[in-house]
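As written, the chains take the letters A, B and C, and residue 1 is the first residue of each chain.
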Amino acid sequence: MSEDKAFSRAEYEAGDAGSAPLRYRLATPASRATHAIESTPVSPLLKEIRHNPLLWLLAFVPAVLAGEKLEPEAHTLLFVLSVLAIVPLAALLSHATESVAAKTGDAVGGLLNATLGNLTELVIAVTALRAGQTMLVKASIAGAIVTNTLFMLGASFLLGGLEHHVQEYNRVSARLQAGLLFLATIALLVPSAVSQADFVEGAVFTRRLSLGLAVLLVAAYGLSMLYTLKTHRELFASAEHAEPGEAPWPIGLAVATLAGVTVLVALVSEVFVESVQKAAETFGMTPAFVGFIVVALVGGAAEMASAFSGARKDHLDLSVGIALGSASQIALFVAPVLVLLSYVIGPAPMDLQFWPGAVVMILIAALTASLVTNSGRSTWFVGVLVLMVYLIFAMTLYLLPPRAH
Amino acid sequence: MSEDKAFSRAEYEAGDAGSAPLRYRLATPASRATHAIESTPVSPLLKEIRHNPLLWLLAFVPAVLAGEKLEPEAHTLLFVLSVLAIVPLAALLSHATESVAAKTGDAVGGLLNATLGNLTELVIAVTALRAGQTMLVKASIAGAIVTNTLFMLGASFLLGGLEHHVQEYNRVSARLQAGLLFLATIALLVPSAVSQADFVEGAVFTRRLSLGLAVLLVAAYGLSMLYTLKTHRELFASAEHAEPGEAPWPIGLAVATLAGVTVLVALVSEVFVESVQKAAETFGMTPAFVGFIVVALVGGAAEMASAFSGARKDHLDLSVGIALGSASQIALFVAPVLVLLSYVIGPAPMDLQFWPGAVVMILIAALTASLVTNSGRSTWFVGVLVLMVYLIFAMTLYLLPPRAH
Amino acid sequence: MSEDKAFSRAEYEAGDAGSAPLRYRLATPASRATHAIESTPVSPLLKEIRHNPLLWLLAFVPAVLAGEKLEPEAHTLLFVLSVLAIVPLAALLSHATESVAAKTGDAVGGLLNATLGNLTELVIAVTALRAGQTMLVKASIAGAIVTNTLFMLGASFLLGGLEHHVQEYNRVSARLQAGLLFLATIALLVPSAVSQADFVEGAVFTRRLSLGLAVLLVAAYGLSMLYTLKTHRELFASAEHAEPGEAPWPIGLAVATLAGVTVLVALVSEVFVESVQKAAETFGMTPAFVGFIVVALVGGAAEMASAFSGARKDHLDLSVGIALGSASQIALFVAPVLVLLSYVIGPAPMDLQFWPGAVVMILIAALTASLVTNSGRSTWFVGVLVLMVYLIFAMTLYLLPPRAH
């Protein structure tokens, strides 16, 4: 009987049969089979798949891998399948990361959360790098920065503002992230600006400068970790808390998921990178649009889910932290690491010179983020304003006629 | 006798003979005639004309219309006459608008005030559009934005600062306006920046993009109305209050004035647009300078009078609201409406591509407004700084040698 | 006996033998000789030279002047000697200026401090102007602005942040300086931006515009003096206080030092300007790098010492005031004065048109300063961020291949 009382009202109402007393759960053969599986270590993973509709898209993972073997010329189909397959993989990666972070405590956990949050984008970019498609890599970097800074932030403000009249968030944390993003923006743009402004053709100059800047940015990233996690952590502590709602997985399962899903993401993104060019032509989208908008939205899908959920629950700190933190991390860590990696993988080294349109858009995104997060307060209309800037960019990229790079 | 006491001391001292008891006013034949006119519905209009010296310029209205018939080649004279005629018409429009707004209550009143505040600029621009002078239209748009953001704001700060040591104003309202202006600036500039940056020649692209942006901006404008007048009006209510000093006209007179004066403005601006090119050459001014400085100052004359008066009376909220609200409204409403209109009137559709100098100036104006209004406090020197930026632009445009557009 | 007690414990512990009672000081012949010198009016000057190791570099002053006579072709050696000679001269100028300022009271003192603070840079620039090396002059102006705004500010934040967890400074003062710097930046950049943007070749236009802007900027500088020293001095008073630690010199000595050292600086900078080009080639540095980095660091060495010392003692107001005040003063006063002077000295008038790379860097520096000083609080990491921006510029300039200007 006491076992029955342990079955709390909340769990009952939530319909979480997995917590029900054993005698209820073993009533039928089907449930006995289910129970057998659920008693295994992978049970939390399976439970989540069953409960989260997004993860039903996992069916596309074998679909795309099979499709690539059977019909390698069906580029458009493969493109769509790979996009649909990456989304649930990103969600799994996200939850696995949070589980590991919860176990290792705040300091290392925050580091992990920050570093592995962009694992999906990193894997897609490395795959493209190996294929020598540096234009796609750069479009993905620029697109991820702009999408996180404008779309994720604006949509969070809007969705949260529809639920709550006025929302407040930690201004200090937002200012730091905006400052880091601004610094990284300058670093990513100075080579391009100085080169074009002074009409210097030196590819050697651009490569050496990009290498130097990559080292400088990674150093800044490391120092920012020291700053937010050690010396001045009291200013930032509340912003890094993962949503307490989802129960973290056991550490073994989480690490195994991380490893396994990363391999799957690598395989699927190979298909994606190979098919993107042809599929873009079929859909009438330029490669710039695909890289900038599609890849960024796909890669950041899981993070967006967390950010939007946090905004609706009036934890805007979380949304702003994810949006700006992710963007500054791509600029300060992913982009430099890709430059350094390009010297050992791929056909030729990559530099940090972006085409002028991307330069303008990244700068406007960073400036918008700085101006908007300065006050620490938000309403639905602030979200509208930020989303409008994003729509202007998306519209411009969509209508822009293709040009040879 | 009681009637005499109803004649209050304040009214007596103000010399407002129109409020005096009847027996005083009918003393002489002249005053009997005046009384006859004053008893009519147009009496408040006539009273204002008599008391406000600015409105004596109304004499130039018939002067310019007659001059255009008699001496159509005297361009310089017609230019000067039309400028002198538009100023009082703009003042009348302004008071009529406020009267209608006072009658219809805060919500619709604020909407009317905001929309009709730029009626003069709109009429001048439509006239130029019909004549196919898109360069003049664009120069007027850019000039109105920059003049309102820098000249009106800076002069208000300076004039107010000469009377009061430190002035404060509603920071939330100023931040919103500055944010709206910043968004509209990006929308007006992205087509130009992306086109020039990527050396894209596509006129079709520019037209389609301009059309899309126009729709987006009008949507943003509508949503901003919803935001400031409905969902979050408590943050903005105090800033929209018209100066209580001037007694509003009866609704009938106000509407009639609106209609009649608009027609007059349309007629006078036809003369203005036809004569501006030749007159500019005579005065040694480039068309860019004329559009940017002259048209903007003329069109905004009435609003500037209200803004400066508010600043001197320590109602800086009003001045900042007029300056930034007018600028963001031209960018978010007048410019897009002109683009949409250009598809049905005028020889060819107009796009939103501005020449690079205008792009730079609008961006700097929006940035200056953002930085300056961030603190919510003002002194005379802040006004000097802002005016200096305007002077730099005016000086540059004045000295710039003309070039073929 | 009372004389012994007048020899306070603090002075005893500081080892300031010059304050010891006379009978102690006249013990040996050497000390009697020293005392004879010390009783002269130049004794504080000699005392400072003895105590401050930096001033031992004064030995290089005769060294470089002699070297120029004996070996006029040893450019590299002369370059190094002149750099080493200017540093102590700048320090002496700095202390002499402060001494005069302390005597004349706050108002005129603040004016003197502000105006003479950049005397070293002004003398070097005038020397280069007379030699017709306008590229070097412009590189020095741009370099001084950027070095003060980024390097001095960032290093102050960092050094102070290593001692104190969080530091606060006067936000109003910092905002004003940042605003002045922003205005001056626009004034220095609009001629360049408009010219290049509109592909205007008019050298006459550029000269007339530069002249007009120079007058406007000096006017703004004068008005800012009126603002900070007279009408609203209560907002700024605390920021201008010189470090009370160093005892000011007698007024006669201070004025004499000012005059004498200025002459020495002029002589040494002639050698510097003649040797810089060849020496730069030997060291593998471009003229842009030399002007931008080397000259700025050398000319600002004394000010940096004061700023860093103030930051470590938690007087961040002083550091921010020196950094931003010096930068805005170079932009608002030194640059315009050089333009005006160029019409009477030197082979050809100088204009305010900078090459695009400098335009970008000055704008980013002003923007960074605005964003960073907005909050009025600082930690070590804020210093790291600002220094990173400076390092990006230095790295870019160092790697940039030379080009013909």
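Just so it is clear, a contact is a pair of C-beta atoms (placed from the backbone, for glycine too) under 8 Å apart; a residue touches a chain by one contact, two chains touch by 3 or more.
Here the structure is a predicted model, which means the values were calculated and not measured.
Colleague: Over half shared or under half: which fits the residue numbers at the contact of copies subunit A and subunit B, same or different?
Modeller: different
Colleague: Give me the C-alpha superposition rotation for subunit B onto subunit C, in degrees, nearest 5.
Modeller: Going from subunit B to subunit C via C-alpha fit gives 120 degrees.
Colleague: So what's the Cα centroid distance for subunit A and subunit B, whole Å?
Modeller: 46
Colleague: Can you list the residues of subunit A that touch 2 or more other chains?
Modeller: As it turns out, subunit A has residues touching two or more other chains at 374.
Colleague: Touching subunit C in the complex: which residues of subunit B?
Modeller: Spelled out, the residues of subunit B in touch with subunit C are 165-166, 355-357, 359-360, 364, 368, 371-372, 374-375, 379-382, 384-385, 388-389, 391-393, 395-396, 399-401, 403.
Colleague: Touching residues of subunit C toward subunit B in the complex: what are they?
Modeller: For this pair, the touching residues of subunit C are 175-176, 179-180, 182-183, 186-187, 190-191, 193-194, 197-198, 200, 202, 205, 208-209, 212-213, 216, 220, 223-224, 227, 231-232, 370, 374.
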